[in-house]
Each structure stands twice: as C-alpha cells, then as structure tokens.
Amino acid sequence: MAKREYAFYPGCSSQLRGSAANYLVSVESMCEKLDVKMTQIPDWNCCGASISYAGSSELARHVLSARNFALSDKHLPGQDIVATCAACWLGGRETIEKLDASSQLMADTNEALKEAGLEYKSGTAIRHMVEVLVEDLGYEELGKPVVKPLDGVKVAGYVGCQTNRPFGIAGESFENPMYLDKLIDTVGGESIAKYEEKVSCCGGSLAFCEQEKAEKQIKNIVESAYDHGADVICTPCPLCQANVEVYQSEINRKQGTKLNMPVVYYSQLLSVAYGGTLKEAGLDGHIIQPKKLQEIAVKVVGRR
Amino acid sequence: MADMKTAAYICKGCGIGERVDTAQMAKIATKEGKMHLVREHDFLCSAAGVQVIRDDIEREGATHVLIAACSRRAKTEAFYFPSIALSRANIREGVIWARPDTEEARETTQEMADDYLRMGCGELKKMKLAGGVQDTGHAKRLLVVGGGVSGLTAAAEASKTGYQVVLVEKAAALGGWAAKLHRRMPLREPYAEPQDTGMAELIKAVTGDANIKVITNAVIARTDGAPGRFKVDISVESGPSLTEEVGAIIQATGFSTYDIAKLPELGGGKSPNVIDQAELERLAKQAAGKGQAIVRPSDGGEVKTVVFVQCAGQRDSTGKHLAYCSGFCCGASIKQAMYFKDANPAVDTVVIYDDLRVPGNGEDFYRSAQNKGVTFTKGRIASVEAKGDACEVKFRDLILDEDATIAAADLVVLATGQVPNSGVNIDIPAEEAAKMEVKPVSILNLSYRQGKDMPQLAHGFTDSHFICFPYETRRTGIYSAGPVRRPMDMVQATEDATGATLKAIQAMENAELGRAAHPRSGDLSYPIVQLDGCTQCKRCTVECPFGAIDEDEKTYPVFNESRCRRCGTCMGACPVRVISFENYSCDTVGAQIKAVDVPDEFSEKPRILVLACENDAYPAIDMAGMQRNCYSAFVRVIPVRCLGSVNTIWITDALSAGFDGIMMLGCKHGDDYQCHFVKGSELASVRMSKIDDTLKQLALETERVISHDVAITDMARVPQLINDYAAKINEIGMSPLKGFA
Amino acid sequence: MGDLNTQMLDKYRNNFLHEVEEKVDDGHWVKMCMQCGVCAGSCTFGPDWEHTPQKIFMMIRAGKREEVLSSHSMWLCTSCYNCMVRCPRELPITHIMHGLASYAHRLGLAPKNQPTRDFSLIFWDNCTKTGRVNELRMTISVYFREGIVSGIKKMWTLRNVGRGLFFAKRLNPLELFVSHGCKDKDGLRRALKKADEIEARRRGYAVQPRGYSS
Amino acid sequence: MTDVVATNQTILVVGGGISGMTAAIEAAECGKQVVLVEKSPTLGGRTALLYRYFPKLCHPTCGLEINLRRIKSSRNIRVLTLAEVSAISGKRGDYSATIKIAPRYVNEHCTACGACADAVAAEVPNPFNYGLSKMKAAYLPHVMAYPQRYVLDASLIGTPEADKAKASCKYGAIDLAMQPETIEVRAGAVIWATGWQPYDAAKIQPYGYDRFANVITSLEFERLADPHGPTGGKILRPSDGKEAKNVAFIQCAGSRDENHLRHCSRICCMASLKQTQYVKEAWGAGAKSTVYYIDIRAIDRFEDFYQKVQNDPTVSFLKSKVAKVTQDKSGDVVLHGVDTEGYHRYANAHDMAVLAIGMQPSVAGVDIPAEIIADSSGFIESSAAESGFFGAGCATNALDVNRAVQSSTAAALRAIQVINQVARAEA
C-alpha cells in the first residue's frame, strides 16, 4: 500500500517512444522512490492542447478533458488526477473552471459525453506533478531519499509558461516562481537565482509552424543559461524540453552558434539524486547529453 | 493702563548655562533692561520653573514677562500666561545652537545672547496685553447666496448645527443645475448605476426648515459690514427689498454652462442634434416623464447612434476656450451613455475622449458602462457636421492612429465645462472692465473699498490659493463653496459646502470673541489707528490684502477688525506710523533695533539686522539652529508677522543705529506665492525697491539692504545666505553711520 | 458586405462588436478593454504582430471586420498567457485570440496557408482520429502541408533532429503504421460530433464537415 | 498616568495626519473640545514626508508649521501620540474609546536638547525615510516633529545603551520603566482620519520592486528629493549611488487594476508630474523624465500644471501601461511595452524607475467598528444612519491634500452637529 495514490494522466507526448518518453520513465522511478502510486486513467484521450483551437471549438475541447475526468471518476474514484504535461494540466484546469462557472457549458458537455456513455460530475481535481511534489510531499520529504546529491551541478530552472500562467503553483509569482530552484537545491544542485529567461516562452507548439520565431526565443533561453554558467537546463514541461533541446542544432546550423546545452526534467534530477540509473532517470533519452548528470547516475555510491 | 511690572527669566538649561554667562545677562537685564524682577533658573520649562513665573505674576504682580530660553516655537504650552504680555528671547536655537562651541566663538556668542536679552527687554516695555476687539458684531445668522446643491447643503448643514440661515436664490425655484439632472452619478458601492439626484428631498428639507429663511427671485443689492455684523440688502423681484443682519456669508453661486455656440467646429449651434450635457439631461428627464426613449431633436426620429465628445471647449491651450478641465464631464458622459444603454442596449454609444478622468471609484462606474456596451475611443475630434438629420463626426483615432469618421450620429453630446458665476473680477481696472462686451454683474455688491466681489484666483474661480487651507479666501467671513470656486461634481460640491459652512460658523464665533481667523487663529491683538496723525494717504486701505479697511467720506481709514487677519500690512504701509497692534508695533520692533549694542567701526564686528517672516523664514532659522547649522554671530534676528508689516522706519532706524546690513527674509511671491497673507511679501518687495533712494541719500551702498525669498525648508540655505552676506558686508566695509546715533 | 457605404456606416457602430460577442469564445470581454496596452508589451511574438491584442479590440469596436478576421496576428499566439495574467481588466486575452482565430477560420476569412492555422487543423484532425496524438504523422503532415517538394526539403534539413530523437527512443517510425489511441475512439468521436452540433446550435452557424463527423 | 479630561461633548479624532489635524483644529477653533489620537510619535502624517506639493511646488511643512502653531495656541486640543484606539463602545453622543498608549520612554520633562541622541550609538532604520536610511535609536522623528520630544526606540530597552541615554539626560526626562497604558476616553462623536498606506509594490511582480534596487516607489522618491532625506536631497539611485538623471515614472502601479487595487488613486498622475520637476530641479537641462501612463488625470485647475509639464522639454509622455521591467548589467532598469498611440514597441533603459504607487486606506485589513460602512477598497464610504462616526480625508477616498482638507473640515462640522445636539439636550 503506497503512501499516496493518484490517477495518472501522462498525455500523448509521454507515451512509449513519444517525444517525452523519458519524462515518463523518470517520473515513474521518482515516484517509486517517493512511495507515490500513479495509476493511469484507463483509455484516456488527448487533452486537445492549446493549439487545436482552429479546428475545434471551446466546447469540443472541454469534452475531451471531461471525458478523461469522467473515466477517472469511474475507475479511480476519489483520486486526484495528476498530469505531467503542462498543457494537459492547464487544459484540464480551464475545463474545470469554465464548467463550474457555467451550468450551460456543463450541460452541453454532458450532452456530448452521453454519446460516449459517460457523465462528468464536477468536483474533479487535476494537479501537476510538481504540485504533488511541493504541496503534498514538501521539500523536506523530497530531500530525504537523496543518496547522490547533485554536487557542483549548476542548473538553470526554466519554468516556462503553462505550469506558471495563468494558474501557476500556489504561492508562486508569475514573474519569478521559485519552486524549480528550490527543487534543484533540495537535491543538492546549484540553482541560478537570477535566470532572466526563467519564465519566457519557448514558442510552444508554434515551434512547428513558426520555427524561426521560436528559435529566437530558444536562443535567448539557452544563451542566458550559458551566461550564468549553467551545466544544464531543467524544466517541468515536455514541450519546453523538446523545443529547447531539439532546436539548438538548427540554431547552430543557421547562425553558426555552438549551442549544446542539455535540457532535462526536474523528475530526472530527482531520480538521479535518488540513485536512479541512467535508464531509470531517462538520461538515455537526450539528443544533447546531460553529461554531468549521467556521470552522477553511473557513479556507484557506498551503502549508507 | 495699570502700571507695568516687568520680569525677566533666564534659563540655564539645555547647555545655555555652560555656553554663556547668564549672570552677566541677568546684570544686563537689571541695569540696561531695567527689569523690575530678574531670575535665573536651571530648568525653566519644568513645573517648578513655570511655577516661579506664575508666582511672580500672582504675588509680585508681574504684568510683562521676558523669557530668555528656547525659541518662541518651543515649550509654548509650558510658557502659557494669558494674563500678561510675554516676550521670548531665543537663546537656545537662536544663539548657542547656532554657534560653534569653541573658545574663539565664546565672546561673540555671549554678545549675541546679551543682545537678544536687550532686545527682549526693549520689546517687552513697548508691549501691551492684547485684549481682543470690543463690541464687534454678534450676529450668528448665516447668509447663503445660491440655492443649488451647494447652497442648499450649506443651509441644511448650518441649520443642523443650530444656526439660522438666510438663503437667497436668483431664480424662482431652488435646486440649480442639480435639480435639472435626470439622474446623478452613483455615490455608493457598487458604483455601477446612475441614481436619483435626491434633490427633491433636499429642497423639501430646506423649505420646511424653520431655521432657514428662503428668498427666491432675489439678488444681493448691497453687502455692508464685517463678520458678525454684515448688513445685507436683498432686492426681490416684484416685491419689497429687505435687509438682513448676518454674521457670515457663503457664496454658492455655482456655474453656467459654456456656450456651445462658441464651438461651431463641433457643430455647436449648427444642428439641433448637437447638444450639451445639460440639454441631454433635460431631454432625458422629459423622455422619462413621458415614459419614452430619448428622440432626435431635429425630427423626433429614433436615436440609434450617440457620440459623446469629451473636453469640448475645455483643456484648450490656444486661449480660445476654457483652459481647465471641469473634472465631472467624463463621469457625466458615462452616466448619460447609460441612459441610452439601459433603455435600449441596441443603441450605439461612443465616447470619444483624450484622457478619461474618473478618479477613485469612478473607475467602477467606467467598468459598468463598458459592461453595458458603451464603447470608448481615444481620439481627438476634428469636426462635427450636420448632414440632414444625421451628424458626421470626423476625428483622429489615436489608438488606430488614423483619421476616422462616424458617418451618421443621431445625437452628438458635447461635454462642455463649467464657467463659474463669480461676479465682477475686481482685479480688472474699471476702465478695462468698461470695455468688456459682456459686463459681469456683481453678486455680493460688497461696499468694500477694494471691490464688489470676492477676488478671483484663476479662470474666474474664487478658489483659495492654499493647498493646506482650501477655504482661506481673501475676504474674512465670506466663503465660496461649490463650482464657483473650483470645477466640481455633486459629491464634491456637497462635501465642499459642508466644509465651508463650518468655516462660516467659525468666523461668526471668532468675530464675537474678537479673535483672529487663520493663520493667526486666536490672536486677540488688532490694528489701532491714531487718526489725528493720519494723512489720508490711503496706502493702508489700498494695500490691505483682505479688504479689511474702508474709507470714510474724508478718506480716513475705517478699520473693520473682524475682517482683519492681523498681518500688519497696514502698519508696514503707514508712512506716518499711526497704525499699531498692542503687542506688535513700530515701537516694539524699533525698541529691539535700538537695544542692540552696536560696536564701533574699528571693532571689526559688524551688525546685521535680519527681519524674518514668522511663518517660514523664522522657523527655518530656528530649525537651522536645531540642526546645529551655525551662522555668523553678527546677525540679530527679529521675527515679523509678515514682511508686509515691515515699516521702512525700521530700516532707517537700523541704519542710523549703525547696523552695517539688513536682510529681509520672507515668503515667495508671484504666481505660486507662498505668503500666508497673500500679498505681504509682494508689497514688501515693492516698498524695498524704493529703499535704494533712501540709501543713496544716506550715501550708503545699496547692498546694505537686501531681501531673499525663503522657504521653511531652507534650514541649510539660510545660514549660507547669512554667512555670504556677512562676507559681503566685510567686503564693502563697516557702515559710515556708526557712532552718529 | 463589401458595399463600401454600408461599411462606412458600420464604422464605430457596434455591429461587429456584437457579432464578436455572440460568435466568438469569450468575445463578450472585448468591450471591457481600456486600451492600456500591457498585453501588447507582454506578448511573446509581439514584435512580429501587425496588430496587438489591445489594437485588435479597438479595431473590433471600430467595426473593422475584414481587417480583424483576415489578420495574421491572432495566429501568432503561443498561449504563453502573459497578457492574460497582466491584464488589469482580467480579460482572458489568450482565449479571445484563439476564439477570434477559430471564428476567422470558420468564416473562411483567415489568411490562406496561415501556418499556425494549418498546424492547428492538422493537430486536431490527428488527435481526434484515434483519440491520441500521433507525433510522427502529425510532424510529417505539417512538413508536407505545402506539398511534397518543400516537405522533403524540410525533412532533409531536420534529418539530424529526427535521427537524434530516434536514437533517444523518442521517435517511433512504426507510428507511421500503428498509432496509439483510445479503445473507445468511436464513442469519443460521437461525443465530439455532438459537441459540434451543440456549438452550432448555440452560436447559430452551420456545422462544418469534419474528419470525425463522416 | 495620562490624564485626559473628556466628556460626551468631546470630539475624538483618530489620526494625526493633515486630515486629522485639520478636523481637530477646525473643530477646536469653533470652541469644541478635541482629543487627537496619533499612533506614531509625531503629528504630521504622510504629508510631512513629502518634499513638495503639486501644483504649487510649495513645501508641506509650511502648512504644517501653521497648523502646529494653531494647535499649540489652542487650549481645546489634547494630543495623544503613540496612541491607538483599540476598542470603542457606546452610541452617537456617548462613546467610550479604549486607547492604548505605547511607551515613549521619554516624559514631558524632555526639552529636546538632544543629549540622549548624542549619548546613544545604536541605530535603527528610519521609518520617516521609509527605511532608506538609519537614525539614532534615541531620536526626534523629524525636525518639525510635534510634540517636540525625543523617543527611545523599544529595541534599546534593557540594553546598556538605554542606560547611557538615561544617564545623559539632566532633566529626568528618560523613564526606562515606562509601561504601555490603556485609557478610556469619552466622546460624543468620532472622526476617523486614519489616512492611507501605499500599496505593497512587491505584489506588482512584473515591475520587480522586490528584485531590482533601482525600482522605487513614488513615496521613496519624495525622500530622495528631500534635503532631509537619505541622500540629502540628491537624486541618486539606490543600487550604486549613480546620479539618476534619466527617470521613468510608471503610472497606475497597483491602481486601476483588478489584480491589485480596483480604484484609481487620483493623486498619482499629479504626483508624477510634480516629480518630473524634481528631476529637472536637480539636473536642469540634463534631466530626462518619461511618464508611462494610461490616462493623465490632471483634474480641474491641475490641468494648468499638466500643460506646463507637457511644455517642459525634459519631460516626455508615453501612453502605455508598462508590461515589465528588467535590469541590465549596468544596473539600468529597462522598461518593456508598447506605446498604444499608433503602435510603437519600446525597450527603454532608465537610470531609475519610480512606481506611482496606489493608495489604499490604512484600515485595509484592520477591524473597523461595525457602524462604519466601507467600500470594496476598504475606504470609509459612510456611517450607519444615527452614527456619530465620520470619515475624514484619505480614510474615505483617494484624495489629494486639498480635497482631504475639505473632507476633514466637513467631517468636523458633522461631529460638531452631534456635540451641539448633546449640549442642547443637556442644557
């Protein structure tokens, strides 16, 4: 019997061999160490993300989220839903907010859901993995399982947008949220207090369609990390991770820069610090290798 | 008067005892000062010390007391002896704190202390106990001129406070503009909806109040007298005129709307569908009465689009229209747009503004209007042109940065401003006034020598110039309230009228006790004139900043004490020195000047007289001492009520007494004047501009007399000015007049 | 429309504003803007915008229907939500931008080949086919949206990225043939179809043919 | 024991800023008995901490001098400093207020000679400079402080420093054993002139007040310009003491904002216009002020001042709510946003940015008597009918000094009406 149980909504990118597959892996090993049990919502569907607005309608997007909620209620009653993807979490939060605010929208949503033989009753809570860590467990408890403190690893905590705005993590500010830095410090790493690009946007899904514009953003995000002597950038968002890591080579190609800044998830930091292997920490899932972390991961520590 | 018994007390506390020889000072007080009683004390402001003084007053019958201790600004509560004449010699802030505690400074510091003691003794012997004006008026009724929301409020509040009121209204009905409104802006949370004006209730309350005598269709034919004893002739249209005795007056004569015919470029006077806010209120009221929607004036057609033009003929820097902002119009247009939206959301209402000015909770009213679908456009109007029954509004859209047109507005509402009904501008010379095409009609018809109406401050408003003292007009006992004194909305007018009512009541109470009003509140001294010496030169009557002095048929000055603010400008103006106050006169100051021990020309110890305004300059010098900003030991400072009270005789006295230089330190004058008596420092500067001739006659350098504007914050600058001047005097050398006195 | 006179007459009339209020998600917020411009300064791709959000709101009030709906601007929203959290009037600006874009597309007024629009459609189509996103297919269809040639070019330039992801086990060639997906994808598609009908009913416009509504 | 003679014909005025002082003085000069309660050690309130007033650019202490003289010469006003109303009971015409008086550790024997300050070495942050400087822990709040009596900071008590202070006083004015006392004061009417406080600038996150030293509030800027301020009146920026010649003024910092204060604070536009003139006064033609605004609310005759400043070549205006502030390596603050007149994006570097900080009532968050009705911003909107409570000045609304004084004068009359009713009833 695990200490804590949650209904898990991994989202599309975290699926096997998805662009954030290593995120999932690291989250799983991290949760294991923290004695947190995550049960995937059976037959969950895509949240629609923020980008689907042209083809869809507001209602259709609510229907997508509501279906997941309904399934969660049905199969994992009473459990908070945990999302690891910023967009999934945000979309879910918005659906809950809007439906609670409008009985009309709620009725319409359920009228549609009926077609799938489901019903959504309000009262669902959807949380981001980070909320579970800092609110339910707390930094102190997160520090306990650390067996390999990330000594001498300088980490730029890149929060980005959607875990930060418009909802954000309770008690954090939009302009200067501290939770990533606190997480980094908790596992013995060195956070960068004055990381200017902490909350700027990487271009999000527009990296696909407005690549040049996104690359401008990404360049700043990476260069600012270099300016502060970071070894690695750490983020809570799969899209941020993918964009900032993947496009560095493109930027180098076009602009002759030599960007080579690894980008990892907070869950990977924790996983490594908790003694996770390369594989467990998903450190084998990078285009730009986070060497310092990998070294720590392979390092054998004596029993304590 | 009863024979004088003088007593001098020298405090040794706060280091005075260590820094100067108080025993020597005591000797001087007895020998030179001729004080009947002289005492030193270690801690004079202590209960014990004060008791010593009290005992001397009671047992020894001391009538005149000199306290040589700290500044007159300190320990005022401890040294409170209302039954005697009191003088303070400033030994602490003015001497030991203003001087370095060094051996070489010791001698000059002692001389400073000795002189201040001499000066105190000199002044004291010339002082009388101010008794307060006898038999000034006792009228406790309040005259309110104007029956709009301001006037009605003033009347109602005065009555609530227990005072009788005479309310005079020019029109046949009470209520003014406010009563003509359909609705008013909201007063309360959630500040979202226009609300009833409440004027009907207010009018009912006033007309039904036994304490309030309402006279409509009436104007003021003549106002005579002073606070506590105004005699007011009221001429009533088709009726016998009557005379009322009142103690104070509130002028709440409100405003007129700016004539839209002066705004042809905005369609003013060109189309019945271009109207001002007042006209829209009338239409709205009329429509509501019929239970109909507001229709297009030209043809009674349906109104589909309304454009509100803000700042019409206002905030105009060209000088063609009103330069100021009337403040209420943004809120009013918002309210009026709601008239349409509330009746029919389909009506388009566009407010074209430059800066939308809805302070405080007005922001919520703005939000509410947006929520109702009123749209706001930041733009600058180019023209409004009638095209048949529709109006074409051309403007620059400042956000979209392009010229734009509203092709067919059914109604265009011009937010024109408030023009104060302030009567005659007494500062315009008669001959110029005669040339004006519209001759303003006086409102108060004051019999004052200085003009029929209240002095105007700017743009015709009779506002106070003071930020801290918004009610302090230049006509004691007459207060203006509401839009006549500053553009304002109903809420502010109500608040303003209530405040003005207090000031009026205060003026009546002061008058009865013969007490001065602000800024010398409670002062019981008043100007006394020796008419036998008077040359009828009229300087006092011309120069009095408060119009307190009239002239009789022989052009002798007639003082109206309860109009007087005790600044002493008349005293300063008088060439024959026949005007004085019991405790402040040419003699009290002259005696101080003469008391100073002026060393001979070989001593290398010049003497500089500083005449410092007690309101700003003297406190600045005082605080310089508190901060130990030292200055030359050669100065002798005499506080004056206002530079306006400085009589040139003091200058000549000082010069002939062998003073080497004279500094006059007073408040800033000009547009942003800071003189608490409005004109005092200005008049002083005019007088001093003439002093040069006198100096030349005496074969003296013009630098021997200088003046500076000083602010109360100049505690670092004033010592600098003094030291620089001391250096200057050193340069030009000692006065050749030494030793002749 | 098109008739210049009616257009002239509509200037600064609230017709378009009313239209937006009725038809656009969160459109009823547009009237609350006070033109402070904080959104304009907060936008990630702001420098690339022809019209800032606050300006678009002003254009709506000014009745500039064509200009607004054919604007590229809304399509540059990265959903960073900066504007939304800073707006002193709490306008859900991000949602309004999405709503306007969606509405423009629905009316066929959105710019042709608007990249974000195309991507958005591809994404929706992709994720609603099986209920989950097929990243590989989606990417490919994005790159090939302007035809084979440009598609191949793009693929070629990005080949290293692809290879990298492949070796990082974050890209699965098999996805070309087998997709992740919901078991009950039909139920989901029925629900979405229904949602479209309701939406159309509420907003009073025609249901448009979609992949899943066949 | 502080003895206060008060009856149900006394007017209790809570707050000794310009509003409270005005209400007290005006009532007293109508012959009424007044008890004036101020929680700090001196009268004067916020205006005493302003360098100049708009639109005349005259000095607030000038009016303060007159008001203090009126108080000193009036026998009808009893002033209690370091005092707060902790409870109040009763009804219109007959209230009883419980007043807590904090120890000053200096009694009425004090002559303000300053010996204790000379004797004490310990320093504390100077609240009268908003903590921008330090002052001796035995202090006279400021040179115009009234009562003109020193204060010992509570932190001194029990330390050898306190004994030094005591030893230094020849007049037995220092009483280290002084305890907090509670007194009951009767009153027929109560005027709440509790004033305002600046909105917490750190909450306006995009402007980085809590992150960048060179982002300050308009109140702090007043102190920088004031000769008695922390820099002796030199406009130097906090981070490195560099001369701040290029200053940005950010309007609506907290005001007109659903995320912060819903209301418009009214004074901020004029305050910034005024402060541009401080910059000019300091640096002449070399000065550069930029005002970032939404609407310039220079109401009524203030428009004259606005036009004057508009014609000042050292001042420019930008219609834009600044989106965010960053700091560059040189320590300059960089303002990011869009000029909404037309469409001009900017990233402007300035030596310093001044937040025209919003006004909120001091009572915000504090329990106020149920008789008082406050609006959503916490301003006193009105009192229940048949109440003897009256709001005055900025406790009732965001007001400039002039309007605050009008409001207080009106409040004084309303209080007098109650007193006169009581008097008539008892006559």
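Should a chain be cited, it is by its letter among A, B, C and D, assigned in written order, with residues numbered from 1 in that chain.
Here is the rule we go by: a residue touches a chain if its C-beta (ideal position, glycine included) is under 8 Å from a C-beta of that chain, and two chains touch if they have at least 3 such contacts.
Predicted model only: the values in this text are computed from it and were never measured.
On a Cα centroid basis, the chain most remote from subunit A in this structure is B. Chain closest to the overall centre, judged by the mean of its C-alpha atoms against the mean of all protein C-alpha atoms: D.
If you average the Cα atoms of subunit A and of subunit B, the two centres end up 67 Å apart. Distance from the subunit B centre to the subunit D centre is 24 Å, each centre being the mean of its Cα atoms.
One inter-chain figure worth recording: subunit B and subunit C are separated by 64 Å, centre to centre, where each centre is the mean of the chain's CA atoms. Counting partner chains per residue, subunit C shows two or more touched chains at residues 34-35, 54-55, 82, 85-86, 89.
Shared contact sites, meaning residues of subunit A that touch two or more other chains, fall at 174. Among all residues of subunit B, those that touch two or more other chains are 378, 399.
Remark: the chains found to touch one another pair up as A-C, A-D, B-C, B-D, C-D.
Per the touch definition, subunit D reaches subunit B in the complex via residues 18, 25-26, 29-31, 53, 56-67, 69-70, 72-75, 109, 111-113, 143-144, 148, 170-171, 227-228, 256, 262-266, 295-304, 307, 319, 340-343, 375-377, 379, 381-382, 397-398, 401-403, 405-410, 412-414, 416-417, 420, 424. Residue ranges on subunit D touching subunit A, taken from their complex, read 205-206, 208, 211, 324, 326. Considering their complex, residues 8-9, 11-14, 17, 31-32, 34-35, 54-55, 58-59, 61-62, 89 of subunit C touch subunit B. Residue ranges on subunit A touching subunit C, taken from their complex, read 12-13, 15-22, 43-46, 48-60, 62-64, 67, 108-109, 111-118, 161-162, 165-166, 174, 200-201, 203-206, 208-210, 213-214, 217, 246-247, 249-250, 253, 284-287.
In the complex of the two chains, the subunit C residues touching subunit D come out as 34-42, 46-47, 51-52, 54-55, 82, 85-86, 88-90.
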